[in-house]
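Both of the next two complexes hold subunit A, though its partner changes from subunit B to subunit C.
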Partner chain A sequence: MKPDKTLKTREMFAIVALFIGVKLSDTTATLYSQKVQNGFWLSVVVSLIIALPSFFILLHLLKLFKDKNLVELLEILLGKFIGKVVGFTIFLTSFGLLVLDSRNYVEEVKLLYFPESPTTSLYFIFIIVCILTAKRGLESIGSTSWIVLPFIKISMFLLAFLILKEIVWLRIFPIFGNGLDVVLTEGINKASIFSEFILLTIAYTSFRDTKFFRRGSYIGSSVVSLELVFFFLLYALVFDYNSIEKVAYPYHEVTQYVNLGNFFTNVETFFMVFWLSAAFLRFIIYLYLVAMVFGAVFNIKEHESLLLPLGLLTVSSGLLVENTVINELVYREKLLMYSTPLYVLLPYLLWIIKRLRRDLK
Partner chain B sequence: MNLIKLFILMVPFYLFLTGCYDKTELEYQAYVVALGVDKGEGDNTFKFTYQIANPETGTAIGGGSSNEPASEIITVEGNDFLTATTTANASVSKKMTLDHTKVLVVSEEVARSDNFLGLMQTASRTTQIRRQVQIIVSKENARDFIKDNKPQLETRPHKYYQLMLERSTETGIVPESDIHRFFQLTEGDADLFLAMYTTATVEKTKNNGTEDEYKAGEIPKKGGNPAEFMGSAVFKEGKMIDVLDGQNTRLALIMDNTLEIDDLLSTYQDPVKEDYKIAGDFSKKSPTKVKIDYRKDVKTTIDVTVPFSFEVLAIPSLVPYSQDEKLREKLKASIEKSLEKKANKLIEKAQKEYGSDPFYWSLYIRNEFASIPDYEKADWNKKIWPNAEVNVDFQMSRLEFGKMVNDSQLNEVRD
Partner chain C sequence: MLRFLKNNLKNSSKEDNEKYPSIAKNLDKNVKQLNKMFSSDKNSDFASREFVAQYSNNKINIFYYSTIVNGDKLYTGIIQPLLENVGETLKNVVTLEAIEELSTYEDVIEHINSGYVIIFEDTLDKAFAIDVAQFQHRGIEKSQNESVIKGPKEAFTEALGVNVSLLRKRFHDKQLINESLKVGERSKLEVNLLYVEDLVNNDVLKDVKKRINDIKSDNVRNVEMLEQFLEERPYSIVPSILYTERPDKAATYIEDGYIVILMDNSSACLIVPINFWAFFQSPEDRYLRFLYGNFTRLIRFIAFFITVFISAIYIGVTNYHSEMIPPDLLLAITAARERVPFPLVFEVLLMEIAFELIREAGIRIPNPLGPTIGIVGALILGQAAVDANIISPIVVIIVALSGLTSFAVSDVSMNYSVRLSKYIFITASAWFGMFSLTGAFIVWISYLSSLKSFGVPFFSPVTPTYKSPGNNLFRKALKNEIWRPGNIKPKDIKKKQTE
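Then we have the complex of A and B:
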């Protein structure tokens, strides 16, 4: 027990629910649907089946070693040098994904709500808000997440409720979309979409008691998984197989389609407010965790002072990509594919090493 | 001291207050309510007609400017919806916004051309044109339709379109036909898309029709707004191929489970006194059951059961149906038979002439396939549907007689 730390289960749950849960409203759905078409919600199930056990194994290892975060665990099990190298690789891939993903969100906001504003200024404002909030520390991030979580989830489920009358259940068939083999390969390739679970474990020791972290992770990850599959299924049922791959932002396409009765039409701005706060929190958490990994690898105690340089680096590298289609379908897809083995296999590897070491001793 | 520091720190934030790039005042925007598309002078150009609503009409604040018309109509030639708005701005003083567009009126000429699908693609790319915009096919040029459409009671165009479309889709004489559905059906590459059919120029009326056996422009009516919404334009693979009348549109909607139809009042022949007609309210409370028996290389059979209830509204022949069991049975059988006959005729037409179905029935065969390539290889439009054996069965589950037990007897009144 660390009485000076305030983070508990509910904050962890809120962090997981926002950090991973916002994926239901960004381009992740598009990424999956490109090849699998209407079976893409099954690919998400496959990805989760692959990614979650790794996460749980890692949690198990962290429990055994008590009071160690991800990088410290790596150093103990793999030796100081290799541990640092692996930790740095995790930093590089996560940072890369952060850059590509944040650009995506900014483009999404620009395209849908601020068509006249230049990407650069939107991106700067976005990241500056993230840096300033992240600087308040993980405690504030956790409690902010917990405060806004109900509003965000209620707005999302209101949207799901409103679109229910437009769905056609039979569009679920052909059940495997473009074929069972495609469902499986896509699901496996993109498992690293859930690599963020692994990234979360860097904050393992920041909680009042590590058992809160574990409990929050278990509850959070199961709720988020159900939510993601439900929403992706909804998109498949609303858009059907040949159209789903053409829609870049299914969540926003749905918000533009629904009405609250005859009087309240064009209600997408209502949903935009909540979505935007969710997006902000996602990147606040993301940036903070990435800074924590970097701090842990290079033994920088004051990792919060890393937020500013990392944030500005995010903007400048995020702006390098020419447009959002290339960003999403080329760079993000490639990076996700190459980093999958790292994130999925690493916990198993650590676990095996742990077993061997105990046997040796 | 601290206060001064804080103040100095806050000064830069004032910059943000002015910096909204996307700020547009309501005053500076022109809301397009109806968009019309006609064939242009060039091969791939169109004439776009914008009906811009005047927000001051019909409101209390508009007191001083009551002489302004309810809307302004402007037509320009262009390549797509958005770039043409810039051309239109040559004479429109405000920024044209398509966010509140309710309908997309397409002339039959454009709908029947190959360019239509390409045009619709441009509509889906922009965030301004929403998926709930209804596609309306007009018999004449879209510009003429928008110009001649002069509702007298509901002068504000956005309200007119909203109410008109809502009511006419409720009665089923026109189908609901938003852009979203157009893409689902067209990209699904099976089934036919039905769009509302309309006209504002009455050429020749049809005098022997019953309440819904008309297409737009054929209704014998006097007075009122010249615009009529009746029947549907049939689209196959993104191209218009035919027009269905109101009755067939209603039948198609009854058999399609993805669309709703609430108010279906119509007349049927009186089985006892054949000169008369019986009026009633047809209502479908549970979905149509579609069972497809698909086996490779064997003729597919499609069994369709439509459960419905019927409420008798008028019996001009005064035959006492409500009292007599046998007469009731006779009426029931006659209504079922008449519906089945009409449905079979429509299905035959769809199989032989259209080579696809307007009922969205391809949905019911999709569970036979594990993957999309298998499903597409089986080819609903070319192989399965035209050769299928379709059995339609209308089943009346309830026959009701409204709030009268019996009609007055003619011989008793006139003795």
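Then we have the complex of A and C:
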């Protein structure tokens, strides 16, 4: 008895919820709030409005071409060569974002909890855990995500509940922060924050039935979107106009605000544990998907053997950036901005090609 | 060279099989052969008797091991009828239940070893085997290691027939099959597979049989050893076969389409395939009412968590995240540790190992000495070590707690894997506090989730998802257990007709 493909809706949901959902607790909020200030939760809504339809169109296309993953779909629609080139571009941008983002997370852990430890050792441990876990395969990643997910979500919503007494509803104003135009441009520019949705489709055929992938994606993306907007709104209500742009890690800042009764007053480590599990899983999934894209582009069947080199490459390139501010506010922001057109427009382009080339079925 | 050796080996094994001549018609020849094979001049309990059968007036010779047969049965069932009764054939004369005809010496040897009486008759080139075995074994006793308050108390005992009877008593179904296989090259012992024919998954069954047949060992004495021959990952930290001494637990699994493996010489059975959750379940959870049973499960889960993590968390938090501890408590810990010269990790490890020593000694110690050593262990090691400033009282509490809670994981194998995991986590958290502890935890969980027991994922039916009775971490009300566990793919998934 060999159940080869065991992944179903709930694993997909867990993967989406962790892969994208952790964004509510990292520096994504900071990235938005730099220009938009407390209206940044609306920018996220804009980004989601831009990014989600492309994802759904891609899902629709994948449904038409049964049993094809992202790269195979690209090859069919764009031809072998251009398909590979686009696939490789997707790999490059995702890998770049993986490098910058992982450095970002490691710096976050270091700054908040291990100020005296060297980044290098933390980074190595982080990536080694990711490689070891990712090596066990997507089935195991999905199961692990599902097992850990409830604890992470409970801790997040416990935090949301505890912070409720700190919020002031009037801080929602000015409703558009620094102006509607800023909200819109920032939202559109950073839509590629959700490019990971597109990256997920490389695993389209790894599920027991592709309908589980679609169902998991729909449920996962809607839940995650609600969560993100809810938490970003919460940050806006806690930190207010102007001061919000100075908060580097809003989620962790919030954990410092909350108490569990009068006795447990410093519970940030409690929340940090769950946040860390989520962060680990996010990069495990990220690394695995990136390896999958690379494997698909270069026809490497054993893509799991790519994890070690890709992981070590992540560490070595991640350490190149001199500090976290430049990493976050220059490189990551630029990369996100430049890759937005690719991720947002690609699915539409594919869809148009599909309409034009009626010979394909 | 290798090939030559191989051929040589092949030939020699062939010779081994062909060494015995076929059974002769001449009784004297057979008797001589058998006496030679069993070294009857040295083997004191190898018995033979010669007499003339009443029904055919032929000479007859019977062979058996006097220590493993029932003497009364032998006399009233075989010898007396042969001496007195009249009839057509031997089968009509002997009144005992089953008489087998054997045609080779290999069969003869095997049957004598299993407690049969072998009858040779002059003029016949075959032998008759009659089961009069009486191996000695304990009676049925109370379950020692998996005790319950509410529920049956019987446990398996070291006799195959008794164990099968205990199972049949609990599950009356004509489809309950008791299939017998032989294991071992030199000493062939019987392995019984019990399963419900129209529920069990054939692939798993085939896999189990193949693994049993593939065992190339001279002797597999009992299920404890069989378990190690069957499992796919002998070096893994987690078990993949469930071991229980409770027939009611085994019966529950049989009902759901699992396979139970029994052997002589073991007061327990093996259950395959298995998942993670089963190791934490006690049959009592389902004998207790819904709420009580689930409360027990919750307690057990908390105990599991404490066993694995409490020492590691203590190290991680006090070494790296001391700001998390409320000030009063932190002061208390610091005051207690003030006079202890060792680093915290060393202190915890010292105490953990001391606890393991007490536990190991507790198992091996002769019964009359038990209480004495218990006092020495607990009082001297605990109280005196604290007084001598070798360890701080809080570490005693932490380690005692983790030691105590580890007993809630009652399965022997899982208990070990939990205790070993504890050391992994202690090492991890000594390194980078909660950061490396979380990392180790993720790696550990993902390792568990990638495991399979006979093709069944370890965390199923929770993830990957299958229809199931919902009897995992918690259980449903018995009325709502509609499905059999789908993760083992039984032939009939529906447990109860609802409509």
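As a convention for this text, the second predicted complex is superposed on the first by the 355 of 361 C-alpha atoms of A that agree within 3 Å, B and C clash if a C-alpha of one lies under 4 Å from a C-alpha of the other, contacts with A are read in each partner's own complex, and residues count from 1 in each chain.
Quick note on the criterion: contacts are C-beta pairs under 8 Å (C-beta built on N, C-alpha and C of every residue); 3 or more make two chains touch, one makes a residue touch a chain.
Fair warning: this is a prediction, and the values are worked out from it, not measured in the lab.
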Partner chain in contact with A:V85 - subunit B first, subunit C second, else both or neither: neither
Partner chain in contact with A:L312 - subunit B first, subunit C second, else both or neither: neither
Partner chain in contact with A:F270 - subunit B first, subunit C second, else both or neither: second
First (subunit B), second (subunit C), both or neither touched by A:N38: first
Partner chain in contact with A:Y257 - subunit B first, subunit C second, else both or neither: first
Touched partner set for A:F114, first subunit B, second subunit C, both or neither: both
Touching partner for A:E11 - first (subunit B), second (subunit C), both, neither: second
Contacts of A:D240 with subunit B and subunit C, given as first, second, both or neither: first
Partner chain in contact with A:F126 - subunit B first, subunit C second, else both or neither: second
Contact residues common to both interfaces of subunit A (with subunit B and with subunit C): 113-114, 117, 121, 125, 265-266
Complex contacts: residues of subunit C adjacent to subunit A: 201, 203-204, 207, 317, 320-321, 323-326, 431-443, 445-447, 449-450, 454-457, 459-460, 462-465, 489
Residues of subunit A touching subunit B in the complex: 37-39, 111-118, 121, 125, 166, 168, 170-171, 173-180, 182, 239-243, 246, 253, 256-257, 259, 262, 265-266
Touching residues on subunit A, where the partner in the complex is subunit C: 1-3, 6-11, 109, 113-114, 117, 121-122, 125-126, 128-129, 132-133, 136-137, 139-144, 146-148, 208, 263-270, 272-273, 276-277, 280-281, 284
Subunit B residues within the subunit A interface of the complex: 16, 19-22, 99-100, 124, 127, 130-132, 162, 166, 180, 183-184, 187-189, 258, 363-364, 366-367, 369-375
